[in-house]
Each structure stands twice: as C-alpha cells, then as structure tokens.
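One structure, pasted below without further comment.
Which chain is which? They are A, B, C, D and E, in the order written, and residues in each are numbered from 1.
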Amino acid sequence: QTPKKGGRLVVAADSEPRNLNPAIVASNGVFFISSKVVETLAEASFDGKDGLQPRLALSWEGAADGLSVTFKLRDGVKWHDGKPFTSADVAFSALQIWKPLQNLGRTVFKDLAAVDTPDELTAVFKFAKPTPFQLIRNALPALSSVVPKHVYETGKIEENPANNAPVGTGPFKFAEYKAGQYYRLQKNTDYWGKDEPWLDEIVYQVLPDRTSAAAALEAEEIQLAAFSAVPLADLDRISKVPGLKVITKGYEGLTYQLVVEINHRRKELADLKVRQAIAHAIDKDFVVKTVFLGYAATATGPVPKNDPQFYTADVPTYAFDVAKANALLDEAGYKKGPDGKRFSLKLLPAPYFNETKQFGDYLRQALAAIGIDAELVNNDSPAHIKAVYTDHAFDLAVGPPVFRGDPAISTTILVQSGIPDGVPFSNQGGYKNEDLDALIAKASETLDTAARTELYKEFQKKVAADLPLINVAEWSFISVARDTVGKIANNPRWAVSNWADTYLAG
Amino acid sequence: MTRALTLLRRRLLGSTFVLLIVVIGTFLLLEAAPGDAVDAYIVSTGGDTGMIELLRHRWGLDQSELTRLANYLWALLHLDLGQSVTFSRPIRDVILERLPTTLLLMGSATALSFGLGSSLGIYAGARPGSFRDRFLSIGSLALYAVPGFWLGLVLIVIFAVDLRWLPIGGIETIASSKTGLARAADIAIHLVLPVSALGFIYLALYLRMMRAGMAEAWRQDFVLAARSRGLSRRRIVLAHVARNALLPLVTMLGLQSAQMLGGSVVIESVFAVPGLGRLAQEAVAARDTPLLLGIILTSAVLVIVVNLLVDVAYAFLDPRVGASEAGA
Amino acid sequence: MSVLRRFLRTPEAIAGAIILAALFAMALSASLFFPGDPQAIAGPALLPPFQDWGLPLGTDRLGRDVLAELFHGSRTSLAVGLAAAAAALVIGAIVGTLAGFAGGLVDEVLMRITDAFQTVPSFLLALAFVSVVGPSLGVVVVAIALGAWTGPARVARAEVLSIRERDYVAGARVIGMHPLEIAFREVLPNALPPVLALSSVIVAAAILTEAALSFLGLGDPNRVTWGGMIAEGRTVLRTAPFLSVIPGVALVLTVLGVYLAGEGVVETTAVRRSLS
Amino acid sequence: MSSPLLAVSGLAKGYHRGGKAIAAVDNVSFAIGPGETLALAGPSGSGKSTIARLVLRLVEPDAGRIAFEGDDFLALNGAALRARRARLQMVFQDPLAAFNPRATVARVLNDPLRIHGIASRAERPRRIVALLERVGLSPNLASRAIHEISGGQRQRVAIARAIATKPSLIVLDEAVSALDVSVRGDILKLLLDLQTKERIAYLFISHDLGVVRAIAHRVVILDAGRITESGDARAVINAPQSAIGRELVAATPKLHRTTAP
Amino acid sequence: MTALLSIRDLSVAYRGNGREALKNINLDVAAGERIAVIGESGSGKSTLALVIAGLLPPSARIEGHIDWQTTEFRSSHSFAPPSVLPEMSGRTEGAKDRQPKFVPLGGRDIGLVFQDPSASLDPVMTVGKQIAEVAHTHLGLDWPQAFARAKTLLERVRLPDPDAAMHAYPHQLSGGQKQRVAIAAAIAASPKLLIADEATSALDTIVQAEIVSLIRQLVAEDGMTLLFISHDIALAAELADRIAVFRHGELVELGTTAQIASAPHHVYTRALLDAHIGLDTEPMLRRAGASV
C-alpha cells in the first residue's frame, strides 16, 4: 500500500454537536470534527518534550514566579479566509473566550489577567496569581483552540455564525453541514504544513445508531469509525473481516474513567466500611473482561495508570472479596435481614455509554451478592445530570469522567467540597474532607513541577483510602478503519487531532 | 357549496382547538421533565454554575413556565415557531429541512403498504376460505406481529451488509452532488429498506382489513343480488366486493398517518434517516422544548391535513357521505 | 364449555390459544424454574445456545442466562400488554361513554381532546412521557395507555350514540327507568363488546410499543423485557445474533398468539370490529 | 267524550335533513278516551312513529300540548315524569330490538315492578309468573333469554311488560306488523282481551287498514305529518274521503273467498 | 302448457341446522305462468328461490334435482362465464346425477328481486351502472349501449326522471324507487323466469300495490314466468295463477288461486286464510266496550 495524495475519507459520527467552536466547547465530540479546522497552540505527542508537539505555538516558556507564560508563534500561518494569523488572535481567544466562556478554561485560566502581544508572533499570558506552568502545559492540547479575532470581535461571541461553520488555520476548511446527514471538510490548500494535508476531503457521516457504524464499515460506506463507534463486542468479529483493521492506539490522552459516584448524604454510605465493602464487592477484572472485553484497565485511584506524569500505584487497593465485603457490612452494623437484604439503594448509571449502563447492570448484581438491594434508575442525559448533580436524587451513580492530562483540569473537582449545586461532573455527593481539600488547594498553587506531582500522588492515596468515589476501571477508545487508511493513531489524541498527515492508500 | 364551506370552517375551528390542546398539553408535559436544555447541553461540555446560569439566561430558560408558554403561543399566532435552543436556528427552518424526508418516507411507505396490502387483500378476499386466503391471512398476521425496528435490523444485515444490494442507511449518498434523475434514483435506493421496515406492518394491516372487509361484503345482500344477476366473478370481486371493502381502508389511511409518524421515530433512528422522527428523538434528548413542540405541532397539522384529504377522498369514494353527515 | 369449543373451532384460534397458554405457563413458572434474579450472572459471557445444558439458550453480554431472562421477560411483556390495554380500555370506555351520553359541550370538548391525542403520534407521546417521568414499568404502562385509549373511546362513543337510539333504550325510558340506570345497565354493557373486541389489537400494540421503548433504552432497567433483550443483543447482532433473534421470535410469537386468539374471540362472540 | 284520557293538540315536530327542514308532524290534534283504541294510519314517513314518540315524551315537540289523565304531560319532568310513565306504556314493532339483548324474560318484567315499587322483592317472582300467564305464556319461560324465544312470544313479553305497571294507555307502533299472520291474530285477541278486562286505551299505529278496521274504534289518517281524515274506523275505511285514504284502501290486497270453508 | 322447470324430490339442509329447510319438494313451473309461494317465516320460501337460482351457500346440502326445459332458453349467450362462485354456491344437481345438463344462468335466464331494496343494491355504484353491467355482461353490449338499455329499463319501471336516476346512488332514492331499480336490473337481460322474494314486504301498502302492478305488467309484456314469494296470502292471490303453500319446508298444498282461496284442502292453508284480516273481515272489536 502506497500513500497517495487526495481522496475522500468518510468517517462515522455518532452525534451532531450543536456548537462546533472548540474554543467555547472543549469536548471530544466537538474536537472530533473541528480539530481539523481550528488548531490549538500545541498538540499531544508520544515523543515530544513534555508530551507536546508544536502547532500554532512553536515554543512556550513559563516564568519561575508562575505569573506569566510566553508563547512564540508560528510564522506565515493564514486563516481560512486569507487573513494572517497573529498574536492578537491568541490574546483575543484567551481573554475573550477561553477564560470567560470555555467550559474547562473557566477554571484553568481563571487567574489570567492579560495577554501581552509585544509583536505579531509573541503572546505573553499574565496571571494575577501564581499558576503552575505544568497545568498550563497540560491544558494546551485541549483548551487552547485559537479562533480568528477579526471574525469574532463584532457582535456576541456566542451567537457568531462561525460557531456553526468554524473558521481556523487547520489543514481542512469547513465546507458544509447537512443536519442529520453529514459534515464535510475540504482541503486547505494554503495550509502551513508542508505538503499537508494529504486528503482532499473528510466527510463525517452521521450514524446515530450504535450498530450501524460496523455495518457501514463492512458495507464499505465508511472507512473509519473512531471513539469505539463499533461496539466492543463486535471487534473480535470485525477484526477478522478482510480489509478492516482494529486500532487500539491513539487515545492515550483521552482516558475515560469508570467511577462509582457515592452520595454521602445517605447515612449508610457515609460509613467508610460500607464504601470499602462496595469496593471489595466489585470484581474489577470481571468488569474489564466482560464489560470492556479487555479493552480497558482496572483502576486503582483517581489518576489513570497510563498517565505518565502523575500516576502512582502506591495506594490502598480493594481486592474482589465478597466474604470480606459482607464482614465489613456486618461490622458496620448493617446485618442481613430475613430476606437476605441489608438495605436498598438507588443506582443511576449514566446513559452516555453502553459500558456505563452495562456496568450499572453488573453493579446491581455485585451489590445483590453482598445483600445490598440496588434499584436501577435509567434516565436520559439531561435527567441524569439533573438527578445526580442538581437534585442529588441518587445513592450510587455510575459516571465516566475524563482524565485530561492534569488532575487540576477535571479530576480534583470530583472530590473537592464546596462546589455549588448543579455543577455537573463535580463532587455532588456531599463528600467533605478537609485534609483532601487542603491538599487540592495546595497543589493548585504549587509551582514546582516535582513537588506538585508529589502532592497529586498524595491525593491519589487519600482518595483511594477514603473512597469518596470508587474508581473501577479506565478505558480509552478503539478505532476501526479500512486497511487503506494510513497514519492512524500517531499521537495520544489522534482522533481529535488535525489529521494533516492521514492518507488513503491507492 | 356554502354547506361545504361551513363544514370546512367548522373543521378548521375544531382543528385549531385541537392544536391548542396539543401545544399546551405537550408544553406542560415537557416542562415537567427533569432537566432542561442546559442540562442536556452540558452533558457534552461540562461547565460550572456561572456558565450554566449564563446559558439558562441566554436561552430564556430562567423565565417562568407560564411566561414562556404565553410567549410561545403569542409567537405561534404570528406563525413563528421560535428559535431552537440547541440548533440556535429558527425552528421553522430546522423542521422544513427535515420534513421532506419524512414525507417521502411516509408517502412511500403508505403507497407500498396501501397499494400492495389492498391488492393482496383483494387477492385473498376474492376466495374466502381458500388456501391462498388462509395463507395470506396467517402470513400477514405474522408480518403484523413483527416489530418494525427488529425487521429493520434484519433487513440491514441481510440486504445491506451481507448482500450489499442496498445502502445501510441515510437518505442519499452523502455529499454526492448528484442531481436530477440520478439523485432521485439514489434516494429511491436508499428508501427501499426503511420504507419496507416501516411499511410492512401497515401492509399487513391493510391486507387484513381488506380481506375482512371483503369477507363482510360477501355476506351483504347486494353481493348476493349481484351474483343473482349473473355478473362475472371478476366484476363481482372488483366492482362490488372490493370496492365496498375499500372504504374502511381509506378511513384507516387517515388514522394510520399519526401511527406511521410515530413508527418513523424508531425506523429513522435505525436507518439514520434525517427526518422529523429522528429530530423528535433528538429534541427530547436535548430537552429542546420549543423544537419538540414545533415537531409535534407540525405532525399534528400533517395528520389533520392527511385526514382532511382522506375525508375528501372518502367523500369521493362513498356517495353516501354528504347525506349522512348532514342528516345526522 | 360450549363457548370454549366454539372458540376453538378454527385452527387459527387453536394456535393462538396454544401460544398464549404456553406464554402464561412461562410467565407463571418463571420463578419456579428460575428462582432468584434472572439478571444474575450465571456463566461466561456470550455463550452460544445449545452448548451448555445448564444454560440451554446461552448467555448474554454479561453472562446472564438467556432462557431465564426469556421466562421472566414473558412476565413483563404480558403484564405491560395486559395492564396497558386494560388501562386504555377503561379510560377509553369512560371517556367515550361520557361523551356519548352527555352530548353537547361535554361531548365536543372530550372529542377534541380525543382528536388531540389522535393527532399526536402515540409513540412520540410515549417517548416524551417516559423520558419526562423516567422509565419504570408503571410509567411505561401509562405511556402506552395514553396513546391507545382514543380508539376505544371513539368506538365506545359511537356505540353509545347508536344504542341510545335503539328501541330498547326507548323501552327502558318508557318504563320510567332512571337515566343513570339506563346508562350503566342498559347501554354500557351492550356498548362494551365492540370496545373489548379492540383489546387484542391493543394488547398486541402495547407489547410492541413496550418493546420499541425498551429498544430505545426507555424500558424499566430492573426488569427483564424482551425489547430490552433485543436492544442489548443488537449491539452484537452480527457476533451473537441469537441474543436478538431469540427474544425477537418470542415477541413475534406472542403478538401473533394475541392476534390469533383475539380473532377467535371476535369470531366467537360475532362482534364486528369497528375501527374508527 | 267527557274527559279524554289523552288529548293532543297542535302537536308539531320538525327535523332537518340535508339542510332542508322536514315537518315530520305538523299541527296534529286528537284525543283518546279511556278504554278506546285510536288507530294512526298513513303511508311510510307520514309521521306515525314520530307522534308515538312525542306522546311518550321520547322526543320533545316543537309546539303543541299533550294532556294525559287530565294533567299537562309536557310539564312533567324528572322523577315526576318517570312516575307518571307507569300509566303510559309502549309496545314496539320489532320485538327483538325492543329488549336489551342481554335481558332475560324475568328481568324484563322485573324492571317495571321494581322501578315503580309495584311489588316487593319477595313478591316479584310471583307477579312475574302472573304477568306471563296473563299474556298466555308459560311461566317456564321466565328464565329464558330474550333471544331464545320466538317472535310471537317476545311480543307477548313486550305486552306483559307494558301492562305490568297497570297503564291506562298503551302506544303500539306497528306492534303486529312483523309477526306471522297466525301469531298476529292471537296477539290482537290478547290486546282486545286486555282492553275489555282492564279498560286500557290503545294508540294503535299500523299501515294495515284491515287490522285497523278490525280492532280500532276510531282512526286518524295521516299524510306528510298532517291529519287528512279521522273518524270511526269502519266508516272511514269503508268510505274514505281523502285522496290518501282512498289510495290506502285501494292498495290493500283483497282476498276474494267465494265460499267459506 | 310446457314446464319451464320441474323440481323433483328436492331437499335442502343447511349445515348446523338440524331441520331440513326444504323437504322433498316436487313442483312444476309452467312457462309463462305466475306462481306464488306462500308460507310463514322460516318455511323455506327463500331457500326455494336460492336453490332455483343456484345461489345457495356451499354449506347447504342439496338432494334431488331441478330439470329445466332447455328449449325455453336462448343458448346464444353461452359465452358468458359461469356466473356464480363455485365454492359459494350449492349445486342444483344431486350427487348421483352428474351428467351434463343445462344450468340456467342468473341474470340471463333468471331474474331475482329481493326483499330489502336498500340492501340489494350496491351503495357506492350509480343505479344506471348497476343495471348496465347486467346488460353488458349478458347481452354482449358495449358500455354506451348498455347504458342506453339501462335508461330504457328505468323508463320501463316508471322511475321518474330516468336521466337523473341513471346517475343517482341508491341512497338518493326512496324504497319503492330502489325496488324499481332492482327490478330493472333483474330483467335487464330479459330472463325467462323472474323470482320475487318478498319483493314488496319492506314497502308500505301504497308502494307495494304499485310494485305489484309493475311486476304484473312487466311479466305480461315480456312473457316472463313469475315466481312470487310472499307471506301475504291476499297479495299472492291478487297476482298469481297458482299458489304453493309451504310449511316447515314442505309443500303442503298446491292449487290454482281460486281453489286455494275458496276451497283449500289442507288445514294449514285454511288456518292461513282464517288468520287473514282483510277489509271485509268481521271486526274483532266488540263495539260495546268503547265509550265513544
């Protein structure tokens, strides 16, 4: 197979993001499409320094006091409408969008005070409070999408038409969207990357039904299904279909965690022994083997094993041990009743993934084995969000939080106290641990990378010991592609990277 | 003529009332739903309270229910369906974009089920109690019992994946820039499977109704009278028995239009057809109340229009209609 | 006894009766053959049928016994079908009778409400209702009934209107019977058979609607339902087709049985089905 | 005629059909004395049944007065009307349609007794038996369903129901038209017998002038909702004065029996 | 007098009905005569009409046979397809008697008029067409000719405004008018035998008299044989040359009208006569009872 220029790559898309502006909505669903159009300052990399590879920024330097970060920008980059890309665009994006409007940037850039632009190719981020450079660095691949100032500076940013037809500097231009059918991206002939992109066109075919991606691949209607659009259970068979390949790489920077969220307002669950019993009742290996069919790893704590910077295995663990779990519950004073039940719980599996629902089914059985009667409540997404994060109408919930390369971005919030009601994907279980809160606060201000990393290892130990939530497994996704698709999975966030070098073999 | 006009006026008045009930009922139902459009949006993005409040305010979700209902009705008076919160586009545009697809799907499914169903029904009912009658009767009953979504899955596996005769879904080859006849043919090919999955159950229904209607017509005196006049079997079957048995089918056609719209929700999702049914499902999932209201309103209007057309057709087919309606 | 014999006259009715009998037997014996939780994990995942005689129909994605699920699922299907149909018939009969009797404004308003329910696709309504209230067996039953009562209501009203004009109602008035007694003793019992004749169609439709809702993930997660089994099996349709084929066939047979038996009943009572 | 049992005056009722108004009954007046049979005759659609329904207050007239047993019958309502109905009964043409299809003979006869408190619960079975015997039926029939007995028997049950409340007037709308001739004679005899023994008056509706002549004292001939002629039954039928009367008489089939058997 | 048809030892039994509907009937119908069949409800009158026309349901068991005098029929239209549905109609020949025989064709050879004029016309076809299709089927006329014939027929049955009536639907006509249309359809192909099964029972006296006189006239004009079925002995006597009295499926008496009316042999016939209440019958009312 020889790499060839040109061609149309047809990809399965399982949802239609309503807002395609990655600077506002930093989420994988949006990135999947718009990362090819709108670029970030840096992208994740398997072998680059600090796991990064330059994109719009060529270099980044953090000041020792943690009050500024300096970016040197790439020269000769043009927006899709022909206007030149400058440091003013970076300043505008950071101050006007990332900090005030972006879902994740609102925390990471909360202390960003100003962006100085000494020249067209230099942007200096100024922080009001010392901010760890490690955090900023880790946030670059996901949080630093740069959009053109000249397009966004007039009118309300949220209502800008470019939010639905993004304009960027990426290898592909946004061409067309047919609701319910497809998105079409077209080659950017003016792209800064030499000889890039290879493809002429990328088409995202909307396939909302989970079973159709595999069928479409087999029928050669699409060439690539990312984000496990092909159900895991089908992979074994699909991998044997001639002309199709299954790729497990390329999601290392997009780790999802399978977590049991606990409502500590329930008196039984406020008891550590009960939480420990639940942890012992879960056969993590079974979950990995059966629910994820091996395409996952068992978890030990709130940082995934595949994270190169922060992970530590040195935490309390809970082996699968039903007898011990029962003993713990007896000790805690929750004896089995005559019907074999100790108490009842409401269990809300998040509906976003098949796997979370399936794990919900499994957890119900696992709890039944230790005399806890769990009643499953299935909700659709908005109802689940409302029930868990606003109304706290749950005892246990199954959630899939994302680890985004730094615990401070979206992980510590899961256990930290004092978060107002209604913030999704945060600690809404009423858990409060002053030690842990202090640790989180300290880590967020620690500028020294090594010291900061150490603090997060401490954080993992504490979480694993006190079990504000139970981390069960970590998984990333699988891509299935036709053999002709080349340069797949060559970075840890491949599916949401720019695909400038992806090609179709002739 | 004036009588027809008064009748029409009465119908329109009644329909307006019906639509009002539909709108208010649906609005209240959806308001009772846990979670709102912001909760639905936040699923894919996350965000803190400030952002959530910002969105609520921007989407007008911080007003009271009654205010929003009043605003909605007021806008409706001006034929304005409002703005979809999730698409951030006028709902009219979003719906008009999807409507043709659904109309095409339903129209084809109706044509298939009605045409083939009634023909087979005539074929079976022509000889009540014969082998073919029994066979078709049981066969159609079995078909009638097959859930459409399940049939859809099976059809996809057989015809799209294994045999590769037909596309697995969608309404046309994506981004193909085909035009004219080529495009029509392309769409037709894409419609084969979803139309079958959606239409077969109704095919069975029409077949059974036709057959039952004919069995009933055979028992009527006028058929005995026609036979006593020595008319050919063909004439009796077609001109008298089937002709009379057709009438309830036509009424059913109107009633089924709503059911078919409902059925298209699942079928459109199985076949990735970008129609109103799938839009409805998306609107529910996104808690896009005004959008769902718009869809339900559109389908209600559609159903009302179809029923009006059916009534016209019925009046055309059954000469007694005017007399009995005015008489009663 | 002769009624039963008359009912079992046609081969269709016999087939229907056999299927329904088997179904009821399954539903009743579910706890006997498969005590304990049918959703308990019983073996290795995705075991094909006829491999292990302890698990004759194999296991699903989580290793649950398909046969046990099938047995327990029959309960849900039957319960939902019967309960939803009963609810629809009761609501429909009450609304229709009320409209037919009251006439005038009450009739007008009730019939416009019926129209409203009929113009909204019932599956869409069920979908919205379940996602609003949250999926549980009771909610699913109500959701299905909401979309199904209009047929019975119209039939009941038409019957009441026609029976009201019959001589025997005039006869009851002539002997000085109280209007309420006329309504409930003379009219209603005779208006009901055509309404009840709709029940097989409604039961069947209810079973199918429940399956479709479960298929879309809106079934009660704490119960095994055939629709839910199909939905689960769908993701592995190509790898383990039996997971969706087995409940699918069970569903088709059940609905078929209901229809067949329904036709038998209709034929026996010789009540013509009026459809509008 | 001192005080008529039923006095109807200026009765009118219109219907709309196809946008046109039809005067089903138009300014009709007549009176019936106690124990008298008044026949209403006329072609189809002339308004006979409508008059019957008006008299029984099954439909409300557009205009006119009805005095029954000296009272303004139209002024009665609700319970008072229901109580008074005991005195004014009806027998319908189609004996099958006149009964609740699920009823049994006993139930049919029990209802009027119960509603008007004519007999205590314990007493009722005996009264039912007596009623059946009165109309010439075997008491064994009581437990039968209405559809299990013959047409003639049904009509007898209908008469039994009508007389259960001891009425002074019975309206008979084509009550013998659907019966076989042999049965018809017996029913007519029964009616006459009841009339003589209990002084029941009849409003007898029929299009069969032979029957009218045989059992009615007086006849009213209707055409298009209006009275065209009335008078002594035999006199009117022997020598009708109105065109419609003459036509009716001429159209009645005549059997010329030259020799009596 | 040539016999148009002779019925020999004819018995008919419906399945699931213990009693035979017709028992051992022997009856000759002469060409051109008017014969009336009278009897009470359920005596088998309609069954007789249906068995003669070959319209009995397949469930009916027939024994005995009906012989037709073939010379009385035109055989020129043998191209017409066998009209009746084999599995829906009984056979007029007994099982033992299978040799090919003349089988009369409904419409062409036999015209039937039924009791209920509203039920015996197709409600959704214009009356003109319902008559024309008979002419078209049996007389080999093309449609315009058939419609022209239909109009002539409507004139013959004295329907007011035949032009308008051609395009009318049954519900737009009165009962008597409908029965006239049914008669027109029955005689559209000039059948030899006209069977009227209670053709006037649903009509009021005045209309009944009109229809009876119409039938009398048409039968006379076309030389048709008439089988007039009625439960009214007086009506039968007014129209028929001979009367056949049926009871419980048996032919109890057959005679000329004068003989039946004046000197009935059978007690049942006598009872029927006695039960008749005519305009000359002695009133049953004892006038003394009345207070008028």
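In this section, a residue touches a chain if its C-beta (ideal position, glycine included) is under 8 Å from a C-beta of that chain, and two chains touch if they have at least 3 such contacts.
Since the model is a prediction, treat every value here as computed from it, not as a measurement.
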Of D-E and A-C, pair with higher C-beta contact tally: D-E
Reference chain D; chain at largest CA-centroid distance: A
Per Cα centroids, the chain farthest from chain E: A
Inter-chain centre distance, chain D versus chain E - centres from mean C-alpha coordinates, in Å: 33
Chain centre separation in whole Å, for chain D relative to chain A (CA means): 88
Distance from the mean Cα position of chain E to that of chain C, given in whole angstrom: 50
Distance from the mean Cα position of chain D to that of chain C, given in whole angstrom: 48
Sites on chain C at which at least two other chains make contact: 131, 134, 234, 237-238
Contacts with two or more other chains, residues of chain D listed in rising order: none
Junction residues of chain A, two or more chains touched: 211, 215, 379-380, 383
Touching residues (chain side chain C, partner chain A) in the complex: 37, 39-41, 45-46, 61-63, 131, 134-135, 217-222, 234-240
Touch list for chain E against partner chain D, complex: 40-41, 175, 203-210, 231-235, 237-238, 258, 261-264, 270-287, 289-292
Of chain B, residues touching chain C in the complex: 14, 17-19, 21-22, 25-26, 29-30, 32-34, 137-138, 141-142, 144-150, 153, 157, 161, 209, 212, 216, 248, 251-252, 255, 258-263, 265-266, 269, 277, 280-281, 284-285, 292, 295-296, 299-300, 303-304
Chain B-facing residues of chain A, complex: 8, 10, 15-19, 25-27, 29-30, 101, 103-104, 106-107, 158-159, 163-164, 176, 178-182, 184, 201, 203, 205-209, 211-212, 215-216, 218-221, 352, 379-387, 390-391, 410, 420-426
Of chain B, residues touching chain A in the complex: 33-37, 39-52, 58, 86-88, 94, 97-98, 101, 153, 156-157, 160-161, 164, 167-172, 174-175, 269-275, 278-279, 282, 284-287
